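Read through the structures below before going on.
Presented sequentially are two complexes of chain A, the first with chain B as partner and the second with chain C.
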Partner chain A sequence: MSKEKLHRFQIAMLLFNTQCGVAIFILPRLTAIHLGTNGWLGVALAYLVVSLNIMLITLVYRMGRGASIFRILGDGLPRFLLVPLYLVLAMVLPMIGCIVIKEYVVIYQILMFPQTSEMVLKLFVDLVVFLMVTKGIYNMSKANLFFVAILLTMVPASLTLISNFDFVRLTPFIFKEGKDVVQGIFRMYAAFLGYELFIFLFPYAENNKKWLKYLHLGNALTGSVYLLVTVLCYGFFNYNELTDLAFPLLDMFGYLKFPFIERVQNFLYSAFLLSIVTTASMYYWSGQIVVAEIFPRLPGKGVVFILMAGSILVAMIPKTLPEVEKWFGVLLYFESGVAFGLPLLALLSLLIQKGRKSHA
Partner chain B sequence: MSIFRKVAKLFGSGKGSGSKSPEVHPYGTPQAPGPLTLEAFLQEFKDCGDLITWHMPATSAHLVYFDHLVDIPTYEQEILLPLQHAGQEGLQELLRQSRFVQTTDTVKAVKGVLDGKVALFLPEGVYLVNVYNPEKRSIQQSESESAITGPHDAFIEMIETNLSLIRRKLKSNRLKVIQLNVGELTKTKVAVLYVDGIAKKEFVDNMVERIKAIEFNSLYDGTMLMQMIDDFPNSLFPQFQTSERPDVTISKLAEGKIVVLADQSPSAIVAPSSFFEFFTTPDDYYNRWAVGTALRLLRYIAFIITISLTSLYVAVTTYHYEMIPENLLASLTESRSRVPFPPIIEALIMETTIEMLREAGARLPTKIGQTIGIVGGIVIGTAAVEAGFTSNILIISVAMSAIASFVVPSYIMSGSIRLVRFGLIILAGMQGNFGFMVGVALIIIHLSKLTSLGAPYTIPAAPVKPVDWKDIFIRAPFWSFHERPSQAKSPNKTPNKMKK
Partner chain C sequence: MHKRTAGLFVLALTLLLTGCNQDQNILERIGYIRIGAFDPAEGQDIRLTINVPLTINEGQNTKRLTEVLTVEARGSKEARNMLQNQSSRKLVSGQLRTILFNRELAAQGLTPYLDTLIRDPSISKRAEMVIADGSAQEMISKDYSGHPGADQYIDQLLRKEFEMQHVPHILLHQFIRDYYDDGKDPMAPLLSQQGASLALSGIALFQNDKYAGKIERAEFPYFTMLYQNQNKGEFTINTDDPSLKSITFSAIKSKRKIKVKKIREGKYAADINIRIEGGVLEYIGNLDLTKPDRKKLEGLIGEYVTKRIEQILAKLQRYRTDPVGIGQHVRNSMTYSVWKESDWNELYANMEFRVHTRFILKNFGNRYD
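Right after this comes the complex of A and B.
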């Protein structure tokens, strides 16, 4: 792995692309179902929750003076408590990465290749992810910059749809007809997940504290993209339509026209592979370094291979999109627990250390 | 052991094979080691019919040399005539001149004569005099790197001339040259050039170390040397830029980069290089900056077209017909309807044909090369469409990607890009847009991994160095160039006069 430190801008973009996932395509529908009219406001609420959580992570960095999360935990808490936690993380993190890919390919299968097995498509993505993870975090962040550059070209493309935007469709009511506001906010929050992995990034980031602000920059970018997407969809389709459309964003992109090409939604969904690769890679990478903490002598590539092979086998069980989403939902509950729990545990460990020092 | 080495070993090309036969002695070691005498020396050159031995009874001197390696007028003027006219005292005075280097080492003497020196055997000892000046071609324009404006001189196959071309333009005693040799048999001279105080010393040391570590029989060109010292020898992409132009070379030296010249080669290697540097030409700097910028952007567009056009055609016509606008759909289906093959086969056939045309054109003399163009363009292009072999739109797409690939200024990079394109076409044929994006992701991941002399290959895009963008993605006006590029990691980042 390269000795070079991650530049703060690279971290911001990595955070953005890790957060962005398949959720973006179903986000407008979820908000419409759970939050009701003007559900896009939920994005702002979820954004605030995530920002607070990121602040918690930065607090760990500041208090731990840049030490790695494993050292912070290890110095304050007994190893017999930590090893089971690490083992669970080592199983769940790659699983999330795997399910992210699975969801993406299952949707792809629905959209374009109904006769191709989703596992064939998944193996293609797995290969890319494997190559990405084995290059190490520094090279991953470099590749990610190109991915983000390609993905962000979609933003100006989506702005061309603004002529079809109508404020009347937004309605003056807020959160009416929604099924469950709390559930809705949680689903929106879950769409932001991915930032919790950056607690593992402490030893790889540049040594000053400037990069902590860039975590917020990345998060803000995700927030604004989500907001843009949901607001556009709410103004493009009417509220009732939104609750019925499976992938409103793709339907909206279906109206895009260029001189040589039109109905580009499939192409754009394909391009979204670049986001999925980063998201999944970050989860696998986190899984890999957790395993390295338990078994430091195992070779990195071998660990990634075993993690991927294991998760692929498990991922063969869910076949349809609802099944995959159900699995995903369970994992997301767990992951949101990790997002708050791990920094809190680290803070506890730091306090224990502090207590020991003051006694000594 | 990497899989490539294993395969290489299977084919018997593993390291060290073939050099174990007992008769073969290590090259460069005299066959009869011992004191340096004329007999022993001539024994070394036994059966070398082109060796000249000249005996001068008056001074009992023997001159040994290769007449095709030495400059005959100089030799006559500086050695032969003075020797003929010198008495015993005059001879002593002559030998005191610094041109006459005394040696007692047989290896050195043998190497000296091979390097174009005249060996002078006298009862007093053996002297070597350098009068090297073999036949060489004159300085001409570079065929692979021609420029419309700016200087037209280019390197030739002689390191001394090339060094002179550089020294003429870069008049600084800080320009340092480290001389090395590569190739057990060819003993090719290699020079590592850098500007002291601007180039990063670690890069220079690293480069010298890599060149010294080369264990190879023979070296014929700088581009070959480049492959022996690059960071990822199995990568498709060249990791060092090469140039035949002195102006490019000195501009790189001034940026704090290192230049490696090999004897018998017109290609200079620039290290470290970034992927984006392969898309720059000297013309960008000699034109107005706006024109330079437009040209540079054009090249990036060409790169994207080369990589993607044919593969997108395959993806769209195989899986995503809905993406084609209605007006275009009619003409496309009409021309596709007569083609009996699936798009991927059609595209691969045409791409291979274009590659064959290019290869044939490159190998044939210019006059026949033109005929090949006509044959290819008219016969294959038109006839293939009329015969229902391919669709017109594919011909347009293939031709456009071929043209776009030649817009990439570096021929080596252009070749790599064309090869990568085939991979993308196959992936697009397998899985449409999805396959295409998988290919794109693979290329990006691979490029991000690469380094050039340990420095990131994709700089200044990743890692991000916006300061350098003005001389990579665009060609900003000269007044905005305050700093040397980040990749060179120069200890003297800002030119002295610009420092505030």
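Right after this comes the complex of A and C.
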């Protein structure tokens, strides 16, 4: 293992950018459809659930004294149980990374290159992601700092829209006309996914418990960006309109006008590639280290290549946006299971180890 | 290592080149539609007219031409494809600045035509949404001598009016937003031909998506104060009162507050407080603008503005249209179930409005009397 350690601030930014993905563009619509009026409150609820989940992950770190998740699991549970789990993870994690890129690219195609094949567009992003992942987690986190700096410049840009914001349009009604509140909260929660991968990061982080707090910092940053975006959309458009707009955030940015450039939404959407690259890279990277746990002798780059090639082939099946979103939905269900299941399993394993010790 | 870098470079290049293939747009071969004008045609069809400015470079000479094309079809995108047949360029809507709807077409309801305006990602939500008093086709194909071409003329005329805050700043975004809102009705500028020129002759009012009536030019300042907070503007009051024959204000600042109260079951009242500040630019009358008289004058002006705004509100109630968004305030004062059960149109028609205007003379200009 290399001596280099991830700084806690890098971890916070990495967490923020991994969570922040293509979901942000459709989040206001999802809140409006599933939660109804003032659906933005759902973001706050989801944030609380995610915070609890992160506490669970930090508990594993504290109890396991910083050991890697694989060692914690391996020490307590039999290998024949773990290998199938790892295999499933090794298949699903890269798939999520791949579908994230796919969804981004399909929207890109709608907006800018309606005639160009989405696979061609996707290969560009895949290439960047491949280069990123093969550089390893330390370099990824360093590059990510620049990405975040660029992405966060969008926040002041969105504040210029406040002159078109009106509280009257928010209405005093809470969660009326929503289709399915439970589903809505789940979709909000799913928009925060990405934090569950940080359970794999234990051996790479700095060697004290300070960084655990920075996980919450990253999550709070995601939460506030999501909240800002959804509240702005509810007051810039109105609830009824939001249920009808495919990508409300892009429509909102489309209204922005600078003296030197108009229709900035295309530019901003392209800049969002930086967020997608980090999100996808983190999923592929997690997939890679899971594979490395099952087959420790395989070369890292080769594994990434195979994982990417495999997921790309599977990702060729869904062609339309609704199909991609449906796939995404299924994978998110699974991933939310992982987010809670994996730390719980690790805790179980730790308890078993403790039980053995006290017996011995 | 070098081999691998070179390999990746070649791969990247190949990918880049394939990307060029399909979605390329060459400036000289593209016609940017500047104005789209919708008129009713026979049956369910519409007549779509587009105005496409062309720049042609022949050696040293640059010529500016305008292509104006008309076709009849069911939907606007079908029409665009048919227009493609007549055009010398590939037509795109990315630079669409103005969308004109004929008034009769608007009276039938705009819902079917709004779809593509919402759906097409290349259409800017900053495009101007305008209702044409008369034939929209004629309006954009005519040559206005002494004015720039129709494409620029309409755009610049409207922008200037918006900037000077003569009328509320209504673009496609605001129109669609209020169209969706259940407590507000959309509105749009109404353009008409006056001799060899165009003029903003009114504000078209809508009930849901249907044209319902208009605000007259003379009512603009009062309507605008009722609609929004102003930080710019100019207006003149003329009355028969000898102390207020004519007065013109500039540098208007106004603030508006709406409070809704329930009087009894099915009857609501709205208190509309408007506070206006303005500097005098011209005054013809028999009062001194010194202290005691100033108060009197402020009172007179306040009363006058109140009266005009009450007249506008009565007219809006008669047309059953609510562009000001009183409904939003009523909705926000109710519980959800009460709002859903009540018939807003009926409530609105029976609403009582109490307008309170406070006018403040900020300065008397260059003359101190």
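By our rule, the second predicted complex is superposed on the first by the 357 of 360 C-alpha atoms of A that agree within 3 Å, B and C clash if a C-alpha of one lies under 4 Å from a C-alpha of the other, contacts with A are read in each partner's own complex, and residues count from 1 in each chain.
Here is the rule we go by: a residue touches a chain if its C-beta (ideal position, glycine included) is under 8 Å from a C-beta of that chain, and two chains touch if they have at least 3 such contacts.
It should be emphasised that the depicted structure is a prediction, and the values quoted were computed from it without experimental measurement.
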Point to revise | Touching partner for A:123 - first (chain B), second (chain C), both, neither | key: second
Exercise for review: Once the structures are superposed on A, label A:240 by its partner contacts, choosing first (chain B), second (chain C), both or neither.
Suggested key: second
Check your understanding: Of the two partner chains, chain B (first) and chain C (second), which one does A:173 touch, if any: first, second, both, or neither?
Key -> second
Practice item. Applying the touch criterion given at the start, work out whether A:203 contacts chain B, chain C, both or neither, answering first, second, both or neither. Key: neither
Exercise for review: Would you sort A:271 into first (chain B), second (chain C), both or neither based on which partner it touches?
Suggested key: first
Exercise for review: Scan A:10 for contacts with chain B and chain C and give back first, second, both or neither.
Suggested key: first
Exercise for review: Please indicate which partner A:142 is in contact with in the superposed arrangement: first for chain B, second for chain C, both, or neither.
Suggested key: first
Review point. Of the partners chain B and chain C, which touch A:310 in the superposed model: first, second, both, neither?
Key: neither
Exercise for review: For A:113, decide between first (touching chain B), second (touching chain C), both and neither.
Suggested key: both
**Study point:** On chain A, the residue positions that both chain B and chain C contact, one per complex
**Key:** 112-113, 116, 121, 124, 127, 131, 257, 262-263
Point to revise | Interfacial residue positions of chain A with respect to chain C in the complex | key: 37, 110-116, 120-121, 123-124, 127, 131, 168-169, 171-173, 176, 237-238, 240-241, 244-245, 250-251, 254-255, 257, 262-263
Study note, to complete from the structure: Per the touch rule, the chain B residues reaching chain A in their complex are 319-320, 322-325, 328, 431-438, 440-442, 444-449, 456, 458, 461-464
Practice item. In the complex, go through chain A and note every residue touching chain B. Key: 4, 7, 9-10, 108, 112-113, 116, 121, 124-125, 127-128, 131-132, 135, 139-147, 149-150, 257, 259-264, 266-267, 270-271, 273-274, 277
Point to revise | chain A partner contacts - residues on chain C that touch it in the complex | key: 8, 11-12, 15, 18-19, 21-23, 94, 118, 121, 124-126, 173, 176-177, 180-182, 325, 328-329, 331-332, 336, 339
